[in-house]
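Two complexes come next, and they have one chain in common, subunit A, joined by subunit B in the first and subunit C in the second.
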Partner chain A sequence: MKGLAPIFAVIVVMATVPLLGVSNVTLNFLVVALMTALAGQGWNVLGGYGGQYSFGHAAFFGTGAYVTAVLQVRYGVNAWIAFGLGIAGGAIVAAVVGGLTFRSGLRGAYFALVTLAFAEVLRISASVAPITGAGVGTLVKLDLHAAALQFQNRAAFYWTILTLVAIALIVTRLVERSRFGVWLIAVRENEAAATALGVNATAVKLTAMVISGAITAAAGCFYVQYFLFIDSGLAYGTWISIEALLTPIIGGVGTVFGPLVGALLVRGLGQAAQLVAGGDVPGLDLVVYGCVLVLIIWFAPRGLIGAMAQLRTRSVRPAPLARAGHG
Partner chain B sequence: MLSPSILIAAIVNGLLSGAVYALVALGLTLIYGVLHIINFAHGALLTAAMFAAYFAYRMLGIEPYLAALLLTPAFFAIGYALQRFVIGPASHDDDRNMLLVALGLAVIIENALLSVFRADTRTIDLPFAFDGIDLGFMFLPLPRLIGFGAVFLVALALWLIMSATDTGRAIRAVAKEKLGAELAGIDVAHIYAVTFGLGTACVAIAACLLIPSYYVNPSAGNAFVLVAFTIVVLGGMGSVPGALIGGFVIGAVESLSSLFFGESLGQIGIFVLFIVVLLVRPSGLFGAQA
Partner chain C sequence: MAEPLLRVERVSRRFGGLLAVNDVSLTAQQGRITALIGPNGAGKTTLFALISGFLRPSYGAIRYGGADVTGEPPYRLARRGIARTFQIVQPFAGLTVRENILVGAHLRHPARATAIVAAEQVGRELGLDAMLNRPADTLTVAGRKRLELAKALATEPKLLLLDEVLAGLNPSEIRDIVPIIRALCRRGITIVMIEHVMQAVMSLAEHIFVLAEGRIIAEGTPAQVAADPGVVEAYLGHGAATRLGGAHAD
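After this line comes the complex of A and B, so read on.
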């Protein structure tokens, strides 16, 4: 398939990075950036292609993380199986949240609010429920074997998250090129018109949300394997939801590579800001993220990739996102 | 079993907190009613105003109620400028972009405060902070009583602005029919900015009422705004009386559910109520059917 060639090229190039003898600090930076990209790739399926702006993707990230951790720690489930079930857990939460909200016809600001509220309910529940370790959190036992999905070597973690990102890129491309993807974009552009043409908008949005939830949950599952610890704030914190939407919006909303580009850019700028400030100024990297978000929407509403495409075609006509009507 | 006096005390306490919730929600609902956006920067602006009130007292010795006279116009100007020169031009007239720009501003303001003031929690000690009325079974602290009264004054002032001034009429016209208002010669960008300024001014007053009995740190405002979202949804987005009544209802519900279920579960109760109202009746309990 033609659209897959650029994905393979990018992944192969990125896969060689650990072979170039880069430091562990650099690898760690890349692993975290790719994890952010993966969470953003999930958001992008629903938000970018479907136009449904979720402000609560932490609900899926956190569920993936908690399912992976709790199954291993409390039930002795193998890490690989727990990882898979974590992804399934995120998909189920997405199906429940999506089923309830889309059936009620919530969209726009209402959809943003209700997703935010679901993530908050899960966060507070996880901070008191005994099964999640409540306020203390859950610690996964150190067991550096491939069978336990833990690696001594940081490069192995890097290749693991890179593989997950590659799968998400391919899934996104397949969605984009499929009949389902066309329906999804039609719903984003004009839901009433799409419905009039026979598209089942609710079912299309719900399917997108399940795919979206599964991908973002995978980022949460990986988080647990990498850091071996999870608590309610790390899993379901508002910041996770913001990061998941930040990366695709900055990189290029509704484009396959948008979240990856956005994640590398914001993480890189955040790191640079801390270096310039010389030491640890709390929140400074986040100030940079916020500024980048506002500036991108202001001057490049289709993100970096959209802006570059526009430069290439030398079009002087601004191409704003599809306008959602007021009221 | 709980004695009635504990129950009454919990309800009265809830109503007193509800007053400040209502004030925060008033600003939010005003902005929603006209601009049709959820202002995610509301909480960060509340935090900023609380810091301003804190430093006005600490560095200049201005008591919060006096500071309100300065901070209200100052924050009106800040809100006006943010909408007129940042949110408006940056969002290209797209609702989703407005949400994101407001969110971006929230991230910037909150973390700029964190970078400068660190995560430390600050409080001020006013000489009259512990004065109040003793009812025998409960004590009514003076700062919270003042807050309660002030909310009604603000609501009255807003009502007067909306119903008796030309600007108020223009705001209502834009809220009802943006294109028509524009055709009638109303400067919509200006009216949007005035509305955003009024909403931000509400937050400045709320901050001055809160600071005598509450603490401030870079994320202090968030707790209020999540509750304010709930109130706005409950009262019907854009409905001013809805925000007032919703504020008191939520204050009482929160206080009672904390009493019965503990603080964490009490918070869950609010969000569950929020989700149920959104799913079942998104126009709110008092709002017109959308």
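After this line comes the complex of A and C, so read on.
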């Protein structure tokens, strides 16, 4: 399959990082950055390729997290199975939200607002429902065995999240090169024109939303296994909705590697700012995110990868005016 | 005469108090070019939207290939073989010409490789082969019109609805595109075209329907329609036919 080689190269290089003897702090930073990247990869399928800007991907992240946690804690389900069911839960929530919004023809800002509302409804419900542990949250029992999907060693967690990111990268590449992907991009560019060419826009958007929800839910499932705690603010809070859309927008919307690049950059800068400020300044990382977002939208509206691609084509192609002269 | 490929039966469409299309019936014969003409605001584009499923008729029925397709969504009609172009061209602006045509080609070719071959084939047919890698929004007006046609053709339609593909082109560009349309018809594609460029309509169409204020006011061969006083009046105003007739008599 063409186009998978760069993905394998990146993943192999990244897989060697724990072998270089980096500190646990660095490894922890990378695990969280990769988890953000995974949430962003989910957003990118729907937002980047489909042009449907969701403001409520927390709905999928949180559902993945809660399903994984609650099934283990209350029903004694094996962690691996709970993880899989968490992903399925995110996909189901995506199907419901997508079915309701796309069927009623919501687009643009209206779609963004309704997704935000769904996430908020889930957050408030989770903060009062007994099954989620309500305001107290749910604590997953410490059980450092591979069978319980918990690891003594941070490197094992790192490789787990890296594997998930790799799968999401491959899924994104396959989507991009399939008929479904071509139609999804067509819907983003011009929905009426796509419909005239035989594209069932509602079905295409709904499918993208389900894939998107499943990937972002996987990040939520991983969150629970890594931190062993979840409450309504962590699961369904706007922080993850924002990070899920920020990382692809900064890295490059509608590109395979956009969310990964964006997550590493954003998380890296957030961390660096904390170091410079000398300690834990609450909200400083958000200030950094905001500044980066303004700079990207101003100077590189198609993200870092988009900007690099543009530089490359500019050096190869003649200037637009010269081209017009020939044509 | 054989059963027509498209039969519009007493279709009306109302927008609030405005009856944009009023009890219109028309047919398009298999393998022919049928033209739909009429002054601005006559309801031609609305009628196309009704046939291609973008609007539902308020009354009446649309039959295609013997089946009642009234109210079917556009994507399903496209799968049945009805393709349309838009009067205001609708390219996928951020994509290259090849990617634009590929969207249409994928309808009949699920596999990427064969769809790309089919898309490039259509691009060559329409003289876009030198521009396949260019972003669609860098094309000239004539290029965009060709791309609009290429996207529709890539879906391998049986019935092609052309909404003013010649509008905005200069005479030499029109001369280039007219033979392409004729070749499509010769390949067996049934064409219905809305067109204001009368020279092209007269040379291409075998049958013409004239729409004015939402109604069909005349139909027939190009010669019959051109000689119809009602048609002249619809375009030039009440009494124009007699005044013109008088001028000829002088």
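Note that the second predicted complex is superposed on the first by the 314 of 327 C-alpha atoms of A that agree within 3 Å, B and C clash if a C-alpha of one lies under 4 Å from a C-alpha of the other, contacts with A are read in each partner's own complex, and residues count from 1 in each chain.
Just so we're on the same page, a residue touches a chain if its C-beta (ideal position, glycine included) is under 8 Å from a C-beta of that chain, and two chains touch if they have at least 3 such contacts.
Not measured: the values here are computed from a predicted model.
By the document's definition of touching, of the two partners only subunit C reaches A:196; subunit B does not.
In the superposed model, A:286 lies in contact with subunit B only, and not with subunit C. Within the superposed three-chain model, A:242 lies in touch with subunit B and out of touch with subunit C [touch as defined at top].
In the superposition on chain A, contact is made by A:185 with subunit C only, not with subunit B.
By the document's definition of touching, neither partner reaches A:88: not subunit B, not subunit C.
In the superposition on chain A, A:73 makes contact with neither subunit B nor subunit C.
Once chain A of one complex is fitted onto chain A of the other, the partner contacts of A:177 are limited to subunit C, with no touch recorded for subunit B. In the superposition on chain A, A:113 makes contact with subunit B only, while subunit C stays out of contact range.
After superposition on the shared chain, subunit A has more residues touched by B, the comparison being subunit B against subunit C.
The interface of subunit A with subunit B overlaps its interface with subunit C at residues 320, 323, 327.
The touching residues of subunit B, counted against subunit A in their complex, run 32, 36-38, 40, 86, 89-97, 99-101, 103-108, 110-115, 118-119, 178, 218, 222, 226, 229-230, 233, 264-265, 267-268, 271-272, 274-275, 278-280, 282.
The part of subunit C that touches subunit A in the complex is made up of residues 52, 54, 73-76, 78-79, 83-84, 86, 90-95, 99, 102-104, 106-107, 110-112, 115, 131, 138, 140, 151-152, 154-155.
Those residues of subunit A that touch subunit C in the shared complex are 177-179, 182-183, 185-186, 189-190, 192-201, 320, 323, 327. Interface of subunit A with subunit B (complex): residues 51, 53, 55, 100-101, 104, 106, 108-110, 112-114, 116-118, 120-121, 124-125, 127-128, 238, 242, 245, 249, 281-284, 286-287, 289-291, 293-294, 297-298, 301, 318, 320-321, 323-324, 326-327.
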